[in-house]
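Input: a single structure, listed below in structure tokens.
Letters are used for the chains, namely A, B, C and D, taken in the order the chains are written, and counting of residues starts over at 1 for each.
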Amino acid sequence: MHVTVRLFARLRDIAGAGELRREVPGGATVSTVWSSLMAEFPDMSPYEKSISCAVNADYSRFTATVADGDEVAFLPPVSGG
Amino acid sequence: MHVTVRLFARLRDIAGAGELRREVPGGATVSTVWSSLMAEFPDMSPYEKSISCAVNADYSRFTATVADGDEVAFLPPVSGG
Amino acid sequence: MGAGTAITTTPLDADALVRALDATGIGAVATFVGLVRDNNLGRKVLHLEYEAYEPLALRGLELIIAEVSEKWPAVRLAIHHRIGRMEIGEASVAIAAASPHRADAFAAARYAIERIKQIVPIWKHEYFEGGDVWIEGATADPDNVEAREKAMKAACT
Amino acid sequence: MGAGTAITTTPLDADALVRALDATGIGAVATFVGLVRDNNLGRKVLHLEYEAYEPLALRGLELIIAEVSEKWPAVRLAIHHRIGRMEIGEASVAIAAASPHRADAFAAARYAIERIKQIVPIWKHEYFEGGDVWIEGATADPDNVEAREKAMKAACT
């Protein structure tokens, strides 16, 4: 199955794109998606501790299972205001 | 000597005027002025504990001595804002 | 730069207060506007009339600005108070506090409104359904340490 | 009534936010505006660019409004956040809180700006003299109880 990965701020800079389409195994969690992303872009590793995530534009957990067609977003520490 | 007494809000209503010219003895304090005012307008007595005063448009104390021509103001509890 | 303080009979404009402040290095602006409420202590309010001892009221506002500068040196503060007749929903007081950082801007604006209610010689005459009454709040004494501490506490400092 | 929340590329207007709020029974309006500062951590800032995950950022603002309604039921709150390029002195965020009484209006506005900085997926790209950097603040987790308590504490409640 496939998910759309959304990346922002420095993560977007590291990947060179704000949106990636990636194949993931059935039963994959957000964590699975993040791990393959780190394997693909080692420069993202420092974000392991500070990243948060969203699935289909709602706050989510890394333990959440993803489904085919989901939009999985990784959020570096925010700095709005 | 003479002072100008300034009254506001309910004190003004009680006196029927916002400005009075009154004769005071030499060496009089703000307290002296207030006492004669209460004698003249007994309805002001309830304000004894809550009143504050100003001399020549500056915050003052009841113990302050007044001089000829001074403007002595009595301020009921304030309610701005 | 407009006036940092005013006692005026004309409608207030919080935005104008903000524009009047020196904006150099500013990252945060907090404003407060007090409006005439349609009810008070269970009474249906029809309108208000504010009276001031104008020269002393202006002096009181300047004193508050000095107190704020002492406590929060980076804050620029403006306070305008309206007097005369005001209808429901109209602004009786407007405060603007600008600062490099938000904590100080909030604290200064909050402190200022508390101090206005404590020490500035302005009186509210409430006309309600069935009568009218002078509202009497605090004994105006800028040297009252307890009152000042209460205002600081409200400002969360 | 205008929108209570917005993520927008157009300049912000705190006054418009206030006008958008239901004014029934209101006695106090507190606003907060965050502006682009000319310096940060000793760097001379040239301009900023804000990026958002827009649908989630809007959801975050709505969540903050819900949190405020839960804590301060009488408060009406509006939050607009600007994104895109902003010059020094321009407003990046505007908050308006209206309430019958001032304490709640101040607290709600103060709480809101803290929560924005904690949970809303917006990122600040700082262009300064000599380079540029993504500013990274808080890990966005609306369920983080400690963060929420910190925001409540900043709001002095």
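Please note the rule applied: contacts are C-beta pairs under 8 Å (C-beta built on N, C-alpha and C of every residue); 3 or more make two chains touch, one makes a residue touch a chain.
Given the structure is predicted, the values throughout are model-derived calculations rather than measurements.
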item	value
Relative to chain D, chain with the most remote C-alpha centre	B
Approximate Å spacing (C-alpha centroids) for the pair chain B, chain D	49
For chain A paired with chain B, centre-to-centre distance based on mean C-alpha positions, whole Å	73
Rounded Å distance, chain B centre to chain C centre (Cα mean)	25
Numbers and ranges of chain D residues touching at least 2 other chains	34, 113
Where chain A touches two or more other chains, by residue	none
Touching pairs among all chains present in the structure	A-D, B-C, C-D
In the complex with chain C, residue positions of chain B that touch it	6, 8-10, 12-13, 50-52, 54, 57-59, 73, 75-81
Complex contact set, residues of chain C against chain D	14-15, 18, 23-39, 89, 100, 102-103, 105-106, 109-110, 113, 154, 156
For the chain C and chain B complex, residues of the former touching the latter	34, 50-53, 55-57, 59-60, 81, 92-93, 113, 116-125, 134-143
